[in-house]
């Protein structure tokens, strides 16, 4: 079974040289730490930056330079700043190659719920709805089940929807799941995890790929 | 009767301090030469410049710095460059205070025709349709009659329309005409021109303002 | 041409109770600190604030919330604010949540004279309720209207006496969009220079969009998430 | 990340007969001279060119017209070109005239993922024929669709190896809009520098929009109306 770093590390294997990538808050942010050698990716921050660099040293901290999680950051060589309309314009136009998001629930048709829990204070969707409605390649990074052990991979979302039929792949602590017309297709299982465990933990339609293999991580 | 310089000079009296102004090709361009003392206006060029300066000296000529008439120009202090979408965005949003255009015909309801003559090679409307559809204050600068002596102030345009009900004022070689629900209202006549001459030269609905006076020019 | 005002107090002088304001900034980054303070001092009430976020309890728009000057927030994300939450749950405060890209583009639309735009964000969600859905090339889009704000209040890095603005880094965010969108636009800047001193190729917001400008004072520029590496 | 190509010939290598191209520039100002020459050399035919103007007889898009490589021009103004006029009158060339602001905004819409925009330009004119008219707040607007171009070919002043672009003066015009709009965008620049040498606050076109970039050669930068004062 993977921890959150393992999930991030596995998703990093999806990165290709020259990709523009938007990483959501939480596990997705960790993906930046595992970019494979020889692969150059450019991270987009939807508050108006292409080319997010590492966190600053104490003396580099600049209040005017933050990421979408409002953390202080730096820039990489070749970065650019732009306004929020252009930022979401490039997202909407499909210029971002890969988007990695967290989620509360994913349905086997690719629907995603990740912004609101009825009865709890609603903080807002931020840029999540724009991202899921427009990104051409969305990978969800999340735990396979919630704290009570309920599957987060469902046949239909129970929470308010963020976007329809948009998730292409889910990477959880248990494995990797493509979303196809057949529902979730398990293509890889995490080290130490059995197919039966995956079946037991998944509520949505699930098929096991004939080529399923253990994750190489 | 005014020559083209006189028309430009009279229109310049409409300028107020701080105005952003778009001047079309031809007589409108001449208006820039008669900005009243103490009045600062900023000229917009729809190819992406606020703050058009005078023509360059020989050694200032720069192929990258032209106006909408494709003439080499210079900039004034406080100028800015922007792309064509922002340029027409500011026009469409009504940020330009005054637009001065030439015309082939103006109707007494404010319709304007200034882009196409059937049977002749059509060069295109350029930015004229955007300007007339959006500008909040449009003054037309033109000769009162065509070369054959036919009125260009009509009850309805005969040429293909550029825009509907948009012209607010017409300044011709004969006088100044507001466009109101009553049609053309003559508020000023040019030196040496009689009201009867104006009536004879105007085909659209025309009333003479009770306060009509000779142009102070 | 006289756009320069003495300071925030003069800049916000005619902002009235019940008006609709746009306020630039993302989180606490690039917010018009001086004008927010002036609005608190002015005690205007029942404001509708269009702003991506609502500040924190004791900074940014949070200061207006503390004084109960805000009737309605139009934002994409409003966490990090306990007083906000209290007012929302008690019904004192109205909140309209809008996808961030939609929020940005509705500002831009206003500045570009476009009455409405189409975006796929929110299709199939509760954001779509009551909105027109239209299909283009096989994909559904929501029609969203341009904002209509009485004032836009923005913060820039440098500005000149003609109102030209340059923003720094991610403090740009919504500021240039809102600057275009206000019927009256107020810009506070860290450094105000005479017209002609900024490179016209570097201007982010041409002065035509800016009606009042002043050099702000005492910028705190508070950091929400100070993250450093060793 | 490898966007740098050896020159115009490599940049346009896969432009095929019948494709839709956007070409930046206003008049002869800011046009992609190198790529136009390469397209002439390549002898691609039946092109649809979206460009504000059509060049002059012996420069700019006029060079493509001379070789009868253009099937259709989509422009706002096409004067100053005798060969153009001849082909148009003889029916060899198709022309679609579009208001300049509409042309610009349809490019921007493509780059911003907006399938359609509303503009008042052309309402009540022959431009409106066959188009949807919609009233917002008492004013009529035409719905106009985003362009869909196979390639956008733009000219910038400076660029870096990541594809970031900076334009100079009014040579900016349609270039950044088209750069955003192409499925594949080619940028030729006067000066190409390594990533990191351009100030990220001065970038007009972020590199995400640019797929191929090269430093052009032998720019003529012809002037259409050389006007000077003494």
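A few comments on the model shown:
Each chain gets a letter, A, B, C and D, in the order it is written, and its residues are counted from 1.
Keep this in mind: a contact is a pair of C-beta atoms (placed from the backbone, for glycine too) under 8 Å apart; a residue touches a chain by one contact, two chains touch by 3 or more.
These numbers were taken from a predicted model, which means no experiment stands behind them.
The set of chains in contact with subunit B as well as subunit D comprises C. Averaging C-alpha coordinates per chain and comparing to subunit B, the farthest chain turns out to be A. Remark: subunit C and subunit D have CA centroids separated by 33 Å (rounded to whole angstrom). If you average the Cα atoms of subunit B and of subunit C, the two centres end up 36 Å apart. Centre-to-centre spacing of subunit A and subunit C amounts to 29 Å, using the average Cα coordinate of each chain. Of all residues in subunit B, those touching 2 or more other chains are 81-82, 85, 88-89, 91-92, 134, listed in ascending order. Counting only residues that touch two or more partner chains, subunit D has 105, 112-114, 119-120, 167-169, 200-201.
You'll find the chains touch as A-C, A-D, B-C, B-D, C-D. Within the complex, the subunit A residues that touch subunit D are 17-18, 20, 40, 42, 44, 50-51, 75-82, 85-86, 88-96, 134.
The residues of subunit D lying in touch with subunit A in their complex are 1-3, 110-114, 160-162, 164, 180, 194-196, 200-201, 203, 206-209. Here subunit B touches subunit D in the complex through residues 45-49, 54-58, 61-67, 69-73, 81-85, 87-89, 91-92, 111, 121-130, 133-134, 160-164, going by the rule given at the top. Subunit D meets subunit C in the complex at residues 105, 112-120, 136-137, 139, 141, 145, 166-169, 200-202.
In the complex of the two chains, the subunit C residues touching subunit A come out as 26-30, 52, 75-79, 85, 88-89, 97, 99-105, 107-108, 119-127, 157, 167-177, 204, 221-230.
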